[in-house]
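Listed after this line are the structures, all set down as structure tokens.
The same chain A turns up in both complexes below, where it pairs with chain B and then with chain C.
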Partner chain A sequence: MNAPAWSRRVARAGVYALAVLMALWVLLPIYLLGVASFSPQLGVYQYPKPFFPQPFSVETMAFFLKAHGVVRAAQSSVVVAVITIGLATVVGAPAGYAIARFAFRGRDAFRVLVVSTRAFPIVILSIPLAVTFINWGIYDSVYSLALMHTALALPFTILITSSVFASVPKDLEEAAMTLGCSRLGALLRVSLPLALPGLAAATLFTFVLSWNEVFAAVILTVTNRTLPALVLTQLNESPLPYRFAGGFFMLAPSLVFMLFIRRYLFNLWGRVVK
Partner chain B sequence: MAEIRFEHVRKTFGKVVATNDVSLTVRDREFMVLLGPSGCGKTTLLRCLAGLEQVDAGRIHIGGHDVTHLPPRKRRIAMVFQSYAVFPHLTVYDNIAFGLRMQRKPKAEVEKRVRDAAELLQIADLLQRYPAQVSGGQRQRVAVARAIAVQAEVLLMDEPLSNLDALLRLEMRADLKRLLKELNATVIYVTHDQVEALSLGDRIAVMKDGVILQCDTPLRVYDFPASRFVGGFIGNPPMNFLVGQVTDDGRRVRVGEVTFTPPAPVQAALRQAGRPDVWLGIRAENIQATTSATENALAGVVLVAEPLGSHNLLTVQVGEERLKVNTRADAAFQPGQALWLHLAEDKIRWLDPASTMALAGSA
Partner chain C sequence: MNARRWQSLTPYLLLLPSAVFLLVFFAYPMAEAFVLAFRAENGEWTLKFFQQMISDVAFAPALQTTLVLIVILIPVQFVVALTMALLVQARLRGSSLFLYIYAIPLGISELAAGIVWFAIFTERGYLNTLLTGLGLLAEPFIFLSYERQGWLLLAVVLAEVWRATSIIMVILVSGLQGIPHEYLEAADVFGATLWDKVWRVILPLLRPSLQVALILRTILAFQVFAVAMAVAGTGITLLAAEAYRWYWSYRNPNVAAAYAALIMALSITSTVLYLWGLRTRSEELAL
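Presenting the complex of A and B:
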């Protein structure tokens, strides 16, 4: 074996070692969280931590889910996330398409503007926001919280969908138009099917964003709390098993969805849809 | 009937003029090739005809109808794209059927026409595959089949062969020629490959900088280029150009020691122009090389001798200029060897050095 190949191998091994280390850094606590959530309630106090639930039990999880308000908060979270997905997609996908397809005056400025909306710290906006919501009589409602989440999600939705549509060659739409489609028809019959996996990824991303969002949820709701808002406010006064199970329950959907999106984020159009 | 008429078509992109006041009539069922270097406006002209670009000025007629402002789907055209633009999410069958289904043809007819088109292009055994599962050459055939399945009266092709490798291109070129003869469609074919243009077209429109320089049959464009650019762009090797001194009030032209007598109309044109010089355009195959001095032959020295199998290509230094000359494959010329060139006088193209255009009446 010659020297360059050897050093390449070492470099490669180094990269992998680093990746494994970073993965462990993130995954180990999550794993322990999971183990604790599926151990009996007393198990969470054990030390050193066991690497497998001993014995396996849904007791801790059930304790969390049966706690007052948890199910209702989870429902609220889902409702808010679903409405957010709907609104963000309906508003954001056409904007993303326009940015991807049309060379209009000020397109780049628009793109920057979209991103820069995220530059406003929501902490500063929170009081005026709460006041405005109270004045308009839409305070403490899952629907108005969904509006807020839509505003937070839109920049990402627009940017993701625009890159998704940009990855669909313009030629395909033009070919469809010469074969009898209107512009809209070409979009629906050709671009949309090809963009669908990417759009689904954008949707999941929006879901995770809304599901995990806590600040606006705490500011804008009192009785109709979403799950993160509820857990956050109860964290200090709740027993350890509640915290472990709650943490895992909040984390699980994000983990699973990220696993799905990951494929599309890395390999959006490397392979053709089969 | 699908005669195509461009009337003073102008299209700009920002400050770039893509086509400038182009007028062109393509006869019904004619195979017209738009030929030119990249950026000459040929693809823009095609896209304007397809309705994928809106013209800034001028009108476009297809089959007597003004289609200038119609969307692509109402122009009754079919188009083959340079990138093929085959839909990756549909099978080969569904790709070919796409246009027919848009026209809401009954299922049996769709089936029949898809099979026919696939047979013609020899891809019938690939119908259930996805585009990612067939080769580049087959994908190209799918694109052509999709375009001919709708049986449009006008077929537009934008450099359809440029993404194929050399051997496949040669094969597909012959296939296309056979196929398109059977179709009875008016075809406009865009290419930058002069060999493709010569081999396929009924007529060739040579474009440069957004204007059509010459529109004529392949043979006439080859033998009688309208300008120095056309002569240099078409043919391999490009046409040779020599500078001649006009003497005797336009009745004689001298190149080095050799005197030529231009045909009468050229003599008149030379007299009218009153310039002291003129360009003589001559193709490599219309120059005869001999090893011994003959009367009215230009003396030169061989710089490079390239055996090309069927013939040899010589680069010859004549005075200040270098000429490309074809010789027989068995003629053994060596670099540094002196030789004499005899120009076939009836094949000389006479051009005005000021305008670079051919002189009126130049054979």
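Presenting the complex of A and C:
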């Protein structure tokens, strides 16, 4: 083996080592919290801390789930997320379709508007909305929080659905229309089935966004707390097992969801940049 | 109305619901926020809520910590994100697995990320276990103490680097995908090192993505609060945390709205600065 090939191999190994190191940087902290969450409760206070569960136990996780209000808050979180998904899809998907399929005046302006709302501080939306919701008598409700989350999710829904529909060939839809389908029929029978995986990704993305959102949730609710809002307000009074298990419970869904969403992330950001 | 006219109206009808929704939930609250921040109970325009905000003892530390956090955070995040993005694009075996792993934190909430790093930095946590295990410490060191602002800030910075680098990575990867291979191959032909390629080819071509990522990341960093609350409790305060405290603990939406307006003003200022700063340089490049 000659020298340059050899040094290239070493460089390649170095690149792999760096890639693995970066992966460990992401995974190790999650793993450690997982260890803490799946140790027996006494193990949570144990010192020095074991680096794997000794023994594996669901006691800590069960303690969190049985704590006052946790199940109800988790239900609220799911309800808010589901309503948000429904609303964001119904309101946003038509806009995404329009952007992907029609050339019309103001399309770029609308895109810029949509993109710019993503750069909007949640703080500045939540506080006035809280005051408004109190005046309207819809404060402290999962439905009004879902409205707020829809506003936050809508830009993502519009951009993801527009890139999803843009990736479905227009020719197919036109062929269906030549064969006697109406535009709506072509959409429902041809484009929609093809767009389904992408739309599912948009749905998962919306779920994660709503499930994770804490500032608006803690400002807009009092008794109908979502899970992050509940855990945040309990932080200072709660024992370590509650915090660790709560943290792990909240981040676990993202491990699964990212698996399905990752491909679409680039659609989302790639088109903004161009 | 004839069919053709109807056809040309279709896209606008499809856009209408989301336009109305965005208007109601973005434009209206923003206007309302300024009213809350600038108008007194008797209906007169006033700066008293801002005076109240500034004269509060927590204001200066909150502003300072937020700015220091951003100044430390952003460069570190961009180095890490660019490294990750280049690794993802380096056509390694298993690169799609690496991409998945690097993207995981994107789905993790501020609060959960804060708890993750709290578990590491807390007195009986993993960092102390490691350090005593290696014999570097005789007994656990209390990192997260009110008197150790440096350690508190470091823990918050690490948690934020860990959590919020993925989004920059994703933006940079999609930017990298837009760079034609020929450019890098040409650089290879001229014997460019990796360092040269990054500085002379990749970064200049990546400028639009960098700009988007910088703007977005900075704006989001002004709103950080749950991470700090989970890691440092009340040991560290940030602008968004103060807005929350004024709204929640003091029941004063007006001062909370003043904080919100300040965060908005800082976000806009940073955006303008980035647009202006990066634009001039790209023009120089075009010469």
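Convention: the second predicted complex is superposed on the first by the 241 of 274 C-alpha atoms of A that agree within 3 Å, B and C clash if a C-alpha of one lies under 4 Å from a C-alpha of the other, contacts with A are read in each partner's own complex, and residues count from 1 in each chain.
By definition in this document, contacts are C-beta pairs under 8 Å (C-beta built on N, C-alpha and C of every residue); 3 or more make two chains touch, one makes a residue touch a chain.
Quantities reported herein were computed from a predicted structural model and do not represent experimental measurements.
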item	value
Side-by-side fit of chain B and chain C on chain A, or clash	fit
Contacts of A:M258 with chain B and chain C, given as first, second, both or neither	second
Chain touching more of chain A, residue-wise (chain B, chain C)	C
Which superposed partner A:W136 touches (first chain B, second chain C, both, neither)	neither
After the two structures are overlaid on chain A, angle v-u-w for chain B, chain A, chain C in degrees (C-alpha centres, nearest 10)	100
Which of chain B and chain C A:P193 touches, first, second, both or neither	first
Touching partner for A:P169 - first (chain B), second (chain C), both, neither	first
First, second, both or neither for A:P128, with chain B first and chain C second	second
Contacts of A:F52 with chain B and chain C, given as first, second, both or neither	neither
Chain B versus chain C as contact partner of A:G180, first or second or both or neither	first
Minimum distance between Cα atoms of chain B and chain C in the superposition (Å)	8
Set of chain A residues, in rising order, touched by both chain B and chain C	272-274
Complex contact set, residues of chain A against chain B	169, 171-172, 174-183, 185, 190, 193-194, 271-274
In the complex with chain A, residue positions of chain B that touch it	50-52, 71-73, 77-79, 81, 83, 85, 87-89, 98-99, 102-103, 130-132, 146, 150, 156
For the chain C and chain A complex, residues of the former touching the latter	8, 10-12, 14-15, 17-19, 21-22, 25-26, 28-30, 32-33, 35-36, 80, 83-84, 87, 90, 92, 98-120, 122, 124-126, 128-129, 132-133, 140, 162, 170-171, 173-175, 177-178, 208-209, 212, 215-216, 219, 222-223, 225-226, 229-230, 233-234, 240, 243-244, 247-248, 253, 256-257, 259-261, 263-264, 267, 271
Residues of chain A that touch chain C when the two form their complex	15-16, 18-19, 22-23, 25-27, 29-30, 32-33, 36, 45-49, 51, 90-92, 94-95, 97-98, 101-102, 104, 107, 110, 113-114, 117-125, 127-132, 147-148, 150-151, 154-155, 158, 208, 211-215, 218-219, 228, 231-232, 235-236, 240, 243-244, 246-248, 250-251, 253-255, 257-259, 261-262, 265-266, 268-270, 272-274
